[in-house]
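Both complexes shown next keep chain A, but they swap its partner, so chain B is in the first and chain C is in the second.
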Partner chain A sequence: MTAAADSAPAPSAAVSVGRASMVFNAGRVNEVAALTDIELDIQPRDFVSLIGPSGCGKSTLLRLIANLLTPTSGEVFVNGKPAAQARLDQDYGMAFQQSGLFEWRSVRKNIELPLELKGWAKQRRADRANEMLELVQLPEFGDHRPWELSGGMQQRIAIARALAAHPPLLLMDEPFGALDEMTREHMQAELLRICAAAETTVVFVTHSIPEAVYLSNRVVVMSPRPGRITDVIDVDLGGERDEDTREDDAFYATITQVREALRGAEHDSGQPVRGVDDR
Partner chain B sequence: MSTAAMNAMRVVRATWPPILFGLAFLGTWELIVVLYDIKTFLLPAPSAILSALADNVGSVWDAVRVTGTNALVGLLLGTVVGVALSFALMRFRVLNELVTPLAVALNAIPIIIVVPVLNNMFSTTSQVGRRLMVLLIVLFIVLVNVAKGLRQVSATHVELMRSYAATPWEILVKIRIPNAVPYLFTALRIAAPLAVITAFVAEYFGGTQDGLGSRITSNAANSRNDVMWAYVIGACVLGLTFYLLAILIENAAGRHQGRTRSTTTTGTTATATPAAPTGVAAHS
Partner chain C sequence: MFFVALALVAVLWEVYKALGPERGGELFGSTVIPKTNDRVMPHTWEMLAEFFDPEVRDTPLVWEAVLGYAWFTFRLALVGLLLGTFIGVGLAVLMARFRIVERGLLPYVVASQTVPLIALAPQIATIAGNWGLPKWTWVSSLGAFLAFFPITVATLKGMKAAPPAALELMDSYAAGWWTTLIKLRFPTAVPSIVPGMKLAATASVIGVIVAEISTGLSGGIGKAALTYSQKATSEPAQVYTAVIGASVLGLALFGLVAGLEAVAMRHRPKEQLA
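Here is the complex of A and B:
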């Protein structure tokens, strides 16, 4: 077998990152080694959270998977294809902390945008937009303008837009970071329901430990300078996740486990862990 | 009560104080002129101005048309050229780095002084020099603002579009142009009143004598103060028309975006920035 065949991803992997490193401004005074030797395989229907102090390269890793950045070395496969091809095929949807809704478009037209760019016919777009509005339980808001919606509703529309083309993969960068605690917990439950319904694989960046534990079946713990993966923690909370899950002993035990993994990362790098939320 | 009736009520309530004040002001003015027997060449009474206006309404209207046409032609052409150039500025970074400082510098000097130069380039009966002057003033305001709107799109929007595998052309049509629309409206709101002022002042530098500015100076020189004031009324009407035009444009921009915005205007560069989108807002 050749080396190239060796490094090819398992065909079943939704995301496969192989020895990827990312250096910004290489060779200049402001050089930053944002990521070093990242190895990560994500299976279909996985919900994987990336957690770590700010500046550890979570967003950079997500952008590598999205092919919004190209790694300095190493390779990234999405859906068994090189990440660049996956982006051209719109194999993933993306959501950010800012909902990024286009204020000159109605909510419905926002959801239709990725479909427009795929060249879908008008009627098909409208049908899908209605379906997505139902999915995020905002069917009566299609003709509103984005700013008429609350922050949580805007974020639900952003998720509807990211999933409109039914991509197998959803990439999210702190999507609930700007929401208040109550809305946030509600949105987490909604996200689990939506992704279960759409059978979507999710990579989710957060700096909240409970959020990562509640949502994920795997939590990837990262440390800064240089950005590395220090631990991968499997989350087994048994059965459906609902509001009772947040009171569960297994939930608390896993939170403790993630927190200790983050402390370990702190030890390794000799830096205090900042910017990680214990709430 | 119907909304129309409520709106009418609101308009009446908002307009009666200034109208009452205006009438009181004119009444006092009339009274002072009559009581103290002030001569017309010093200050004509409102009644004298009104009768002068009635006697000269045809020629005042002609002068309004001349100056108004200059302002409108300059405003429209300046907008068209400004928008076209802003696309070039967005496309070619080098051009942007050359033109933007130039535009700022040109705005800092009173370029109205080049009117005689422009006039010399065309025949003495031509309005082209004045229209060019208006065009120049409008051009730079539109250029600087629209170029900004085309370039300063949100980073999240651009990343989203790239995640949709959008081409640069699609990013232009679906993101940059819609983003620049409110910038254009803001520029027009600033440029419309300036277009009138420029057209008006440009007449002080020679050329044909059929516009408002020329008529006001010549009547003042001949001590025909009441007639001069009649032309001043014409100038007020023209200025108000363009001001209203600007308000309508602003409302159109408001409808486009559907919410109020605050704008800042810096004196020298005349740029304006639509307010950043507010994250959360109440239900309508």
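Here is the complex of A and C:
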């Protein structure tokens, strides 16, 4: 990745995406323009959701930030460094829809995985794993196997693993997509508590409007192919978010605002909005 | 259940012996069903009794001798299995690492399994003799020759079974290929490798017995089967003691792998146990 010194973002930004475009299979018949001219700045301690219909490139954008993909053009900075360096430095943790826990490892050893790869000493790893188990409120499950746990518990362990090295940034790709509605709402509240405790910046991919609104202080609305950002909506629900927030007028008003922004995105692209969840 | 099945086989044997045609069934001049005379199909109790006869005059009893031969062959087959596992996993890792190796080598790996071992064994024994290696090392290596194949295939399949999200996770940790191999791909492959080893265990036994016979290595069950079968006129039941010995040693090696499986899989979800 080439970045002239003067184009580097202010060091205060947690994530800075500058005119990033992503084309898959460039020059071939199956060429797909997944993302076009993405500009996005995320400040430390922001909770930003990326929302849009299926195929709008929101997961691709997350993978550009994670440096799992390299943009065809444009640049991505994480913590003021090029994304590639940030990945090498493990400046972020990641969680997916499938918890992706390793079934042959105990819960504790799963949480320790990123620390092992960083070369931490055994005792330090064990201490941190205990701390993380406390944080996700599953202290008694350290020696269980992941497959002995429920889906929600597995996802909490995956979050503990993503945050084990105390990265300043957490990237999440529909982490609660496979959970039932009750568990999902519970996990959303848990995630806010955990991220507040760990002082983590979060980029969260979802196709659920209420989930995006409940969790975020900014919702980034994306249009389908070629994926672009059509709107950024600030969410102000005032004060602590709890179960009452879900019945708040401001909550509903913001949901409506996001939904209309998504319809606008649909109108712009001339394609119907699919795969966005009103739940 | 095992003993019930064994008894059933013995009963079927005796029933056929009692009811089947003495001279066997012939179709267009060739025998299509076996003769039932005592030389071809001795009574099951004669086989059992044979175990308690001396092997030849003034020697230990047959069961002691057969047990010794089986133990000898078991060790060769075990070496073959271990060597085959080592080679099989190594090849699979190489193929997974370099696509070009997989494309170039896989056809030869498949072809290697259709090479007639009997034709190959004497040549290999001669080469081994020239190199001054003891014969048993080459007998074992022929066991490994048959054993490595199912392990290569199983390991390759298992390593490719790593879920994309897990691979992305390792990528997000900036983990290199070898780290990903050790932390993710290899553990993912274990549930495939172990069944591969079960196939390899029986393949190794077959390879070693065939190699014993064709290289003329004495001391094992292969040579014993050959020697006993040459005495079919005087002691028709004796060859079956070697057959039983070979089966027992095959089961023992298989059992060893099954034990290994139980250890390797003790922390895995139960439905993965084959």
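Operating definition for what follows: the second predicted complex is superposed on the first by the 273 of 279 C-alpha atoms of A that agree within 3 Å, B and C clash if a C-alpha of one lies under 4 Å from a C-alpha of the other, contacts with A are read in each partner's own complex, and residues count from 1 in each chain.
In this text, contacts are C-beta pairs under 8 Å (C-beta built on N, C-alpha and C of every residue); 3 or more make two chains touch, one makes a residue touch a chain.
Remember, predicted model here, so these are calculated numbers, not experimental data.
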{"item": "Chain C versus chain B on the shared chain A, clash or fit after superposition", "value": "clash"}
{"item": "Partner chain in contact with A:F96 - chain B first, chain C second, else both or neither", "value": "both"}
{"item": "Partner chain in contact with A:F204 - chain B first, chain C second, else both or neither", "value": "neither"}
{"item": "Touching partner for A:F251 - first (chain B), second (chain C), both, neither", "value": "neither"}
{"item": "Greater residue coverage of chain A in the superposed arrangement, chain B or chain C", "value": "B"}
{"item": "Partner chain in contact with A:L68 - chain B first, chain C second, else both or neither", "value": "both"}
{"item": "Touched partner set for A:L117, first chain B, second chain C, both or neither", "value": "both"}
{"item": "Which of chain B and chain C A:A178 touches, first, second, both or neither", "value": "first"}
{"item": "Set intersection of chain A contacts, chain C complex versus chain B complex", "value": "63, 66, 68, 87-88, 90, 92-94, 96, 98, 100, 102-104, 113-114, 116-117, 145, 147"}
{"item": "Touch list for chain A against partner chain C, complex", "value": "63, 66, 68, 87-88, 90, 92-94, 96-98, 100, 102-104, 106, 113-114, 116-117, 145, 147"}
{"item": "In the complex, chain B residues that touch chain A", "value": "154, 156-157, 159-166, 170, 174-175, 178-179, 181, 256-259, 277-284"}
{"item": "Footprint of chain A on chain C - complex, ascending", "value": "163, 165-166, 168-169, 171-175, 179, 183-184, 187, 190, 267-269"}
{"item": "Touching residues (chain side chain A, partner chain B) in the complex", "value": "63, 66, 68, 87-90, 92-94, 96, 98-100, 102-105, 113-114, 116-118, 144-145, 147-151, 154, 178"}
